[in-house]
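Got a structure here, written out as structure tokens. Questions coming.
Order of writing sets the chain letters: A, B, C, D and E. Residues in each chain are counted from 1.
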Amino acid sequence: MEIEAAKMLGAGLATIGVAGAGIGIGMLFGQFVGAGIRNPAAAKTQTGNLFVGMALSEATAIFALGIAMLILFG
Amino acid sequence: MEIEAAKMLGAGLATIGVAGAGIGIGMLFGQFVGAGIRNPAAAKTQTGNLFVGMALSEATAIFALGIAMLILFG
Amino acid sequence: MEIEAAKMLGAGLATIGVAGAGIGIGMLFGQFVGAGIRNPAAAKTQTGNLFVGMALSEATAIFALGIAMLILFG
Amino acid sequence: MEIEAAKMLGAGLATIGVAGAGIGIGMLFGQFVGAGIRNPAAAKTQTGNLFVGMALSEATAIFALGIAMLILFG
Amino acid sequence: MEIEAAKMLGAGLATIGVAGAGIGIGMLFGQFVGAGIRNPAAAKTQTGNLFVGMALSEATAIFALGIAMLILFG
């Protein structure tokens, strides 16, 4: 296999890893809005944690994206 | 393997990553409508968070789509 | 590998991505009917959100389908 | 790889995508029967939504099946 | 297959592993904010455990990233 062909396959494989952040962020915001609707007054107290968690979960998608780019153009 | 053949396989692999957003958005809206039916008056307070979360989860599908396109036509 | 053979494999791989929407839509409608049975009068208030969420989750299946078609016939 | 061999593998890969609908429909009916046992009188009000959700989730399995057929016989 | 080509494929495969941390962190923070909104006064008592859990889950993404880097440049 030539190196150029392997880059296409490797980048494609690495990109599968973004799926996890898609699931995780959906779960996180789902729990937040679900509980926030039951007790709207208290939802604000957890907004900071919501966005910290989102950033940490999204980071895994960025990891996958970064490696895909690195394989493709590195 | 020729580079053209590898592009087809790589784009196919990258596309698997859209699955995560499909799951995440379903969970997020599921929690929203589930809680919104129990307490309809408060559902409006979380609509903003619903769409922020949706956009962030959908973004992972766009990442996967973007890499697939990049591999296919890049 | 010939390009025609790679198209078959690539389209097959891309199609795996539809799985996410199948899970997500099932969860979304599951939460809706589950809460709707507990509080049938309020279910109507969330029908709009139900179908917005369904469309956004289904969109990820359409992404996967589109890329599969693009690989197969593009 | 010959094109005939690639068709067999590609159709097999595409079929993995039906897994999502299997999970999603199971969750959907699970939520329905779970809530329906708690409040049997109200279960009838959500039967329509149950079958709309089932059809939309099942559609993703049909997508996977269609692509598998297209790869195999297209 | 040449060693250079195998490096691209290996790094791509390793990167799929980041998906787990994306899901896990989303679940963890989701449970935290969900329960924290129901009982905001007690949420602070669990912040330490939240970040220990996050670090341990994120570590798996770092492992995957480290091995991918090691394969690519090692």
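For the reader, a short list of remarks on this structure follows.
We take it that a contact is a pair of C-beta atoms (placed from the backbone, for glycine too) under 8 Å apart; a residue touches a chain by one contact, two chains touch by 3 or more.
By chain, UniProt protein names: A, B, C, D, E = ATP synthase subunit c.
None of the values given here were measured: they were computed from a predicted structure.
In the CA-based superposition of chain B (ATP synthase subunit c) onto chain E (ATP synthase subunit c), the rotation angle is 70 degrees, rounded to steps of 5. Among the other chains, D has the CA centre that is most remote from the centre of chain E (ATP synthase subunit c). Averaged C-alpha coordinates put the centre of chain A (ATP synthase subunit c) at 10 Å from the centre of chain B (ATP synthase subunit c). Taking each chain's centre as the mean of its C-alpha atoms, chain A (ATP synthase subunit c) lies 25 Å from chain D (ATP synthase subunit c).
For chain D (ATP synthase subunit c), residues touching at least two other chains, in rising order: 20, 24. In the complex of the two chains, the chain C (ATP synthase subunit c) residues touching chain B (ATP synthase subunit c) come out as 1-3, 5-7, 9-14, 16-32, 34-36, 38-39, 42-43, 45-46, 49-50, 52-54, 56-61, 63-64, 67-68, 70-71, 74.
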